[in-house]
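Chain nomenclature is as follows: A, B, C and D, assigned in order of appearance, with residue numbering initiated at 1 for each chain independently.
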């Protein structure tokens, strides 16, 4: 898989877990197959939507193994590595590479604030530990660490740090990053950005939970953007945006799991004490899927 | 001016003030003439960049009068109304309409938090007090009040509330607003958004301080977006974005005033205790203007 | 009044305003008389509770004049000066001194962020403009500027900056300030601190809105603290704290005005678009006043 | 240890870890012995200072085992339980009880926001899983979850939830909690509160990292507060506060570990990518320890 360029739509996979803690392997494999059939360009297990913060190592390892086996090399699988210590992150990254991951999505968890040097050291250590592309992931909403522009400029010089997945809502920040390190770092959007706008300014695609629910429409939007058919892209984008609006209102994992249940994937609930999607949320998701034509109307 | 639709580039004018408090009328009139010659579609005195929060009523009235006189009906002038009380805001709005303003940019200042009903009442009272279009202005960075989506939906139903100028950095929020109230409310971007991206999703233009410094380039970008020549638009947008990046780092009024001084407009410094643009900032602005070709190279 | 030391309970006066904007002079004078009879050591018009952010200059001047006249030299009157520009703050401070104010409570309003030098310049300019004691006022909840410890250390060296009134909730911060500049700056608490705890660590008293409603009990608490009768002080403090808890839930001005109406002072509502105290809030305030014995039981 | 009431000074133990990940057992045992000899009333391993967020289960288990063995029943040991899932928290709590812990310090980690019911369920599940006293721990600075007053009121009704350790800086909040649930929940302060002030309002003691460095002085302060000798207590409190001020400026674990190294305990550095205490910080800690008399002068 050397030399691969990541681009396009990478759904953030949910992590289907039985009440007793076992991974629902069959359901996960089915979901992986479904998404690949719909044309997604890659898959990312153990992102935020994948509840990486709620799983132990045995569960994480199993989820990555099942995803890799079900994907069977058809698309790159880029699992999330997340830890508070450098040592643990390096350990995870090596393990995923040994299992066959095409790249690493790297997340820094923190309890105490960390200085710039510590942040750079953490990500650089992950990048040195593997020989696959590393995607920096920054989510200022849920994490205690944000990747400032100066930190990103330093990390862009690390050879296999090649992508940034930005989960802020600040689209101008992405243009600033592209202006500063565009040659070294490609950009993926997350669900709070408008994918068509990010493609307009030079993004490579998006990694996001909602793509689990509307994979074909997401891929179609990506193709329209690549073809620079902006009128058609925006028309589709507006329809897809309603889905993002719903997700912005609820716990991301609860929402995607709830939506997948509606679509017939028995992925279960998010891990307690997270609440499952309530009836009102479920109705909103269902309505959004109906309007998109993902669910057949009555 | 009835029936006018606002669109395009509305520079936020600075407020040039002598150390003794008098308005530098000649400088302001020169700036207004310069911007109109460069093709801007409108002018907005007393926005954030116009230091509305630092001026007394006599100064505000004089600035609007000078702007209107210098514009001489060539473009619409939309001054900012800002107050903590409804009564004061209504008084200002009526005065500006009587002076000839084409519309009102309405800002809510607050000290204590205000409930949704209070926010709606404030803006609706301004709208009722005039018969010109009202532009809602929301700046979550500097104000204690943000306009939530439910508040915007209520205000969109008020007949002459016709525009929203959004100074958040969240471009997705603009698409959400357009999806919800697009028929009733048109969108203008502020300097933290990427204007080309906002035009792509359906915006009408932008109201921003940096347009004082690069009016011709801003108008050219607007025209490229209107013509849907997105490749050329993005090429120009990238060059213009460097200017926005500089401004994001400094006090907005200090930056635009400093840049205008470089361009030969003796607008002076922001009002103390605000600091003037320092030497480093001045060098950065100068470099950005050189790269844009606004300043002739050596 | 030269040489006076401020200490004890300084109620933050409300600003009673007619719907047409005139000051309700008789009501204000009655309130001043009532508070002085109950033993308060000073009075502060135009603090946060006094809605300084909602009044024009004519209203402010009238409120200070009426307060001074009604106080008739019996207690020091320390009005609030608040502005975004140094020039306006100096003008207000000089005017209040000329009218007879015993000191100045100095507040910095801001729209754009201001650097440390600007903050120091602002307060130092006020102090130089008058020859009375200046009280620094910092309220991180409602203002865009906070007074950091290094700024406070610089300001403590200005000769007539003599007091700090802290409206944070961080009592440890007060001990830190006393440790660093205790010789130069005395501390007053605001309503979010526990007055007895602030007295224990070396405070001089408190300036707060709730003291308008329970002046006798507040003065009694102050005396118990001064006498170091901590058991009795804490017993009274616990009863008084219920009042502070209620006020923490509502708009401060609305709450104190609502409570004063219950006590028979026709001070009216806060200025729109601020909402008056609603029925639930009114019931809570009434209950707190009943429990304190300020209102006679049924 | 049934029926024990927790009170007094509970130092938050650091977690001494070798670069290869092994627990430095001898150093930890020495520290435990030292603190007990100095008179502390209890010990809390795996609090914030104990870097619970940076350790794996094997390390955590070893730290609690070594602490229990070294304490040998002389004082209660109350280890921290922290997890994002209810299942993992319950597992940890049962394990610590089986090992001999006298109580559980319960922390909720979160990635996505959690509703009130989820928060209550999490802590109630821990309490049901053990038959020892549970201490609720809330640290709004580092965690994504805060325990609101309504949540605390619900949790106070759970039989063996008996204490709250509050790491906010808001001392008034503690008085509010005591007023509302004082019969059911006792209060411990953390290092951002002034311990003497918390004792004045009815607290039971404090759980804090700095007590590792000045255990004898901390115990002396506690005894003075219990004896209601407030003048002597405040005199000592002022001297001890300088230590807290230093710690407020640095990473808590780095600071306490650095201070213990100065005192001769080879506890090592915090886990990377956390930075060790730098030279400036080390000098500040050393100066604070000298002034306190903990370190002998030159």
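Basically, a residue touches a chain if its C-beta (ideal position, glycine included) is under 8 Å from a C-beta of that chain, and two chains touch if they have at least 3 such contacts.
These numbers were taken from a predicted model, which means no experiment stands behind them.
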Count how many hops through touching chains it takes, at the least, to reach chain D starting from chain B.
2
Spelling it out: a chain qualifies if it touches chain B and also touches chain C; which chains qualify?
none
From the mean C-alpha coordinate of chain A to that of chain D, what's the distance rounded to whole Å?
37
Dist(centroid_CA(chain A), centroid_CA(chain C)) in Å evaluates to 51
Junction residues of chain B, two or more chains touched:
none
Contact residues on chain D for chain A in the complex?
21, 48, 51, 53-54, 56, 84-88, 108-115, 117-119, 121-122, 142, 144, 251-253, 270-275
Chain B contact footprint on chain A (complex, rising order):
169-173, 175-176, 179, 192-194, 196-197, 200-202, 228, 230-231, 234, 237-238, 241-242, 244-245
